[in-house]
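Chain IDs A, B, C, D, E and F follow the sequence of writing; residue 1 opens each chain.
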Amino acid sequence: MMSETQPLPDAAPICRYPTPTPTTLDGLPADVRQRILEVQEKAGFVPNVFLALARRPEEFRAFLAYHDALLLRESGLSKGEKEMIIVATSGVNRCLYCVVAHGAILRVYEKAPLLADQIAVNHRKADITPRQQAMLDFALKVCLRADEVGEADYTALHAQGFDNEDIWDITSITALFGLSNRLANAISLRPNPEFYLLGRLPRAPKA
Amino acid sequence: MMSETQPLPDAAPICRYPTPTPTTLDGLPADVRQRILEVQEKAGFVPNVFLALARRPEEFRAFLAYHDALLLRESGLSKGEKEMIIVATSGVNRCLYCVVAHGAILRVYEKAPLLADQIAVNHRKADITPRQQAMLDFALKVCLRADEVGEADYTALHAQGFDNEDIWDITSITALFGLSNRLANAISLRPNPEFYLLGRLPRAPKA
Amino acid sequence: MMSETQPLPDAAPICRYPTPTPTTLDGLPADVRQRILEVQEKAGFVPNVFLALARRPEEFRAFLAYHDALLLRESGLSKGEKEMIIVATSGVNRCLYCVVAHGAILRVYEKAPLLADQIAVNHRKADITPRQQAMLDFALKVCLRADEVGEADYTALHAQGFDNEDIWDITSITALFGLSNRLANAISLRPNPEFYLLGRLPRAPKA
Amino acid sequence: MMSETQPLPDAAPICRYPTPTPTTLDGLPADVRQRILEVQEKAGFVPNVFLALARRPEEFRAFLAYHDALLLRESGLSKGEKEMIIVATSGVNRCLYCVVAHGAILRVYEKAPLLADQIAVNHRKADITPRQQAMLDFALKVCLRADEVGEADYTALHAQGFDNEDIWDITSITALFGLSNRLANAISLRPNPEFYLLGRLPRAPKA
Amino acid sequence: MMSETQPLPDAAPICRYPTPTPTTLDGLPADVRQRILEVQEKAGFVPNVFLALARRPEEFRAFLAYHDALLLRESGLSKGEKEMIIVATSGVNRCLYCVVAHGAILRVYEKAPLLADQIAVNHRKADITPRQQAMLDFALKVCLRADEVGEADYTALHAQGFDNEDIWDITSITALFGLSNRLANAISLRPNPEFYLLGRLPRAPKA
Amino acid sequence: MMSETQPLPDAAPICRYPTPTPTTLDGLPADVRQRILEVQEKAGFVPNVFLALARRPEEFRAFLAYHDALLLRESGLSKGEKEMIIVATSGVNRCLYCVVAHGAILRVYEKAPLLADQIAVNHRKADITPRQQAMLDFALKVCLRADEVGEADYTALHAQGFDNEDIWDITSITALFGLSNRLANAISLRPNPEFYLLGRLPRAPKA
């Protein structure tokens, strides 16, 4: 992890609201605490969204249950493609937390250090397949103009090999992160500094 | 209920996806089935969103957990005010299901048969208090331009007596129903016919 | 009529401007007064737009002359279809008066208690024919982006069986109610409470 | 008039619809014909909008009655100011007919050969008074976002000396020409060539 | 020139910034002064943009070098077509200086006194060829939504006979005048009065 | 430089147009070639925009002359602040090339590895001063709504200590990169892979 070399830019709070600190999770319900410790072990740090949501354990559990239902689900979409959707829609929603955090995850999943920046800025210019372009075109329509979605959109995705369950996945992932984009923007949630560099460097060869 | 007098306009499916029918809930997990039976007993019919989400029990549970966490929570917002937020934001998102279903709930909660139409069309013309106007102004900003939310928005709400927990509630309710607006629009979820008339008539005097 | 059961929510004035009251129409020119009495006899109440326009008799006469020329005219559009146009465009213009008042008229004409809400919120989700969908697509384009209307729009409507006189009708109805939407919004014209429920209930069988 | 020096660029029809020609007005009702002859005598030519509307005499009469009620009315707005409203709103509605025809009238009324182009392109850069700037700011809000008009807008206009009747005038002129902008754009109504140059040249001194 | 008959409307400064006056160019670098004198000799007056840019000689030289590179270049676009692009995009950018100044140049080049007003207000209604319509459609897309330009846009232009160098020209002219539109609007640059009438009158026959 | 570890993702051309390759600059005019060699020596690679513009040497020279005039100029804005403007406006213009290339330069100038991502996604959430926030607010207004810039904008910037020359700089930098954003998007200019990582890592201590 980068924590030695990438110090926190300042001691700014992680959002507008008081949150538990990673080192004092004691007041939290056991399952919430457990979930945070698990992600910390896996990532090497506690992503700030976990701390912000932990203020309200029921919302914490509900959000993560929805998140897991969609992102851990077997699907016609790969794990990397699901992250592409999150990064593209968070980009047009101008959500710093989600672009930076899920950009990192996308780089790691796809082993593609340039991809997240391309998709966050303008997915039309990204190094992705036509099928993935169609997926992101649809995601952005759900994000920005869901009221106009109709038969022609389903047809276009079917032509790229997506079935209706895949379309439900694209829709729901877009919708769930539209939720977190709005919350993160309204509470000014800061991305952990570690995310910015994650997945940008080649892995060191194992000893 | 209106079911005798208000027949289904046609045998149109409730959305683009196959769903369990209210009369054959047997294939569903017990908790999902139980929750559907409860709402049916309370409302007199099964709101279509329950059937659509029941296709995917994990998402059903997560959505309802989030819903309950926000809507059943003790809050500086009344239950009616929470529904105002849903109706106003679903109006600008042009989501038929949520405008009609939550419009009905709003009418019932507030015992105000005209209020839902006012708020769905243009909240500035609704018979609500200045505090509620400010609440809906903020909700629409979170809905449409969350990236621009900042200090001045918090200050304006504080001036109306909302505290930061109330603001979290307004934000999160807006965000959660932005999720369901996008899903409902993309799958063309139809409101149950019963919702359209609910709360519009004075209650018959008890015998 | 609903007046017994649906009391005026408050004694709020019907708009920002002083208007004649239905019970004291005496100061008005005879033709204006006559027209108001006719609509009162037919509807059971005086729609507020008549009182607001009566402040300026010449504008009252001109608006109603335009209204009658378009809405009473024999046309390839049915009376219900003309009201669909008014409801759909008033919905995107967020005009409470016209959505509620013409929504009522649409329900009555089409004997379709759910239709007005569907069209006001999102016509793409309404129970209407493909020909009516095309009609409303065009009406919304005239409403929002008339500068982009061109040959292709005429061709699309011809393909649905509309001729050029029908297209003139769609255009002009959209344009006339764009006028009244702007006026009603700017003066905060309130719909009569009676409109909200009109056409939502099955008619009682005649004795 | 410019007709000798400014030939019609081509024999293009004046709009998408067949119209009476200025030289053969015989089929028209007497009052419509009379009105057209009057304007022809005054202007030296028949403005194309008269011919287009004459296809439907009732709409012709209604439009002109509304037009006269607003534009000939004694008002806190000068005749030139009324034309400023028409030019500014027709500019943002991108209506060629109204920008060119009413631009000409504005130049003539105000004896200001540059003013119409300034207002049509960007009223903020026009040589007008702060009071007129406020008037046009409000007109553009009614034109583009009438649903957001509220108390603060009235207050701002009162501060510039406008009373509520003036505000009704600004609103209604904006709304009426929003009607004609939509119709003219949808039928591709061409401005008469004569309008383009009218009021741009100093008048020849009288002999 | 019109200067005798078209006096400056007032002694308003030409923009928000102090500029050299046409009669006292002495403080300017020799090349800048020379360029200004050349355009004055050709046009009969000094276009205000030259004086505004002369405040900063390096930017003056760079802008004019870019301008000359694109506008004097041999191209698949005629000189008049290049001016059409400038007028159409300056119209949607609402830049008074560029609409008026380049509208004048367009009228002169094309000997078409009505064309500039048509293109500035709504190019879809202008008397131009389908090829020129396609050119302006593309220019407006580059102006307003360049991030969405893609393969289909190139194909549409190729179908009208434009090659890739022509497309580069359309793009770059749009982009360069997008620059000057922004600068002119931000500094409130006034068009010279002479431009408004230029090219509107038939040339006097030579003696 | 990263070139050993960060291979080009594929042999994709750098844009839609054929360009000189960095290794064969021979056909280029001497000054263009010289400028390219200089930047290559300084950066360690040739930024692709140099190769794309070199197709047209006159435009290459003009763009770089404008660039240098604004970016090398002594100013009330620091070099880092000038890059902030470029990154923020390129973000809203969704220009991949400029966000990535100037994001790198901003990181290097400010020695702030997180800053470019913050500003590109949502400058309101960036770790910058209130003065810099005001600067970027104005830059985005020039970028998106220059026609609405007026006195109040100048006043707000003066209150933050900017003088009129600084405002000219903000405006002109915004305008110039609006030009390059449009060109880069229309020709699909790819950022060099080297830019993505530049300035993200702490510098190795000197031996």
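In this text, a contact is a pair of C-beta atoms (placed from the backbone, for glycine too) under 8 Å apart; a residue touches a chain by one contact, two chains touch by 3 or more.
Small disclaimer: the values here were computed from a predicted structure and weren't measured.
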{"item": "Both-way neighbours, i.e. chains that touch chain C and touch chain B", "value": "A, D"}
{"item": "Both-way neighbours, i.e. chains that touch chain E and touch chain D", "value": "C, F"}
{"item": "Reference interface B-C: repeating pair among D-F, A-F or A-E with over half of contacts shared", "value": "A-F"}
{"item": "Same or different residue numbers at the chain E/chain F copy interface, by half rule", "value": "same"}
{"item": "Chain centre separation (chain B, chain E; CA means) in Å", "value": "53"}
{"item": "Whole-Å gap between the CA centroids of chain B and chain D", "value": "46"}
{"item": "Between chain B and chain A, distance of the C-alpha-averaged centres to the nearest whole Å", "value": "26"}
{"item": "In chain B, residues with contacts to at least two other chains", "value": "94-95, 122, 147, 150, 185, 188"}
{"item": "Overall pattern in which the protein chains touch one another (line/ring/star/complete/other)", "value": "other"}
{"item": "Contacting chain pairs - touch in the sense defined above", "value": "A-B, A-C, A-E, A-F, B-C, B-D, B-F, C-D, C-E, D-E, D-F, E-F"}
{"item": "Complex contact set, residues of chain F against chain E", "value": "16-17, 56, 58-59, 61-63, 65-66, 68-70, 73, 93-95, 142-143, 146-147, 149-150, 154, 164, 167-168, 171-172, 174-176, 178-183, 185-188"}
{"item": "Complex interface listing, chain D residues touching chain F", "value": "122, 124"}
{"item": "Footprint of chain D on chain E - complex, ascending", "value": "5-6, 9-10, 12, 91, 94-96, 99-100, 112-114, 117-118, 120-122, 125, 127, 185, 188, 190, 193, 196-197, 200-202"}
{"item": "Chain E partner contacts - residues on chain C that touch it in the complex", "value": "147-148, 150"}
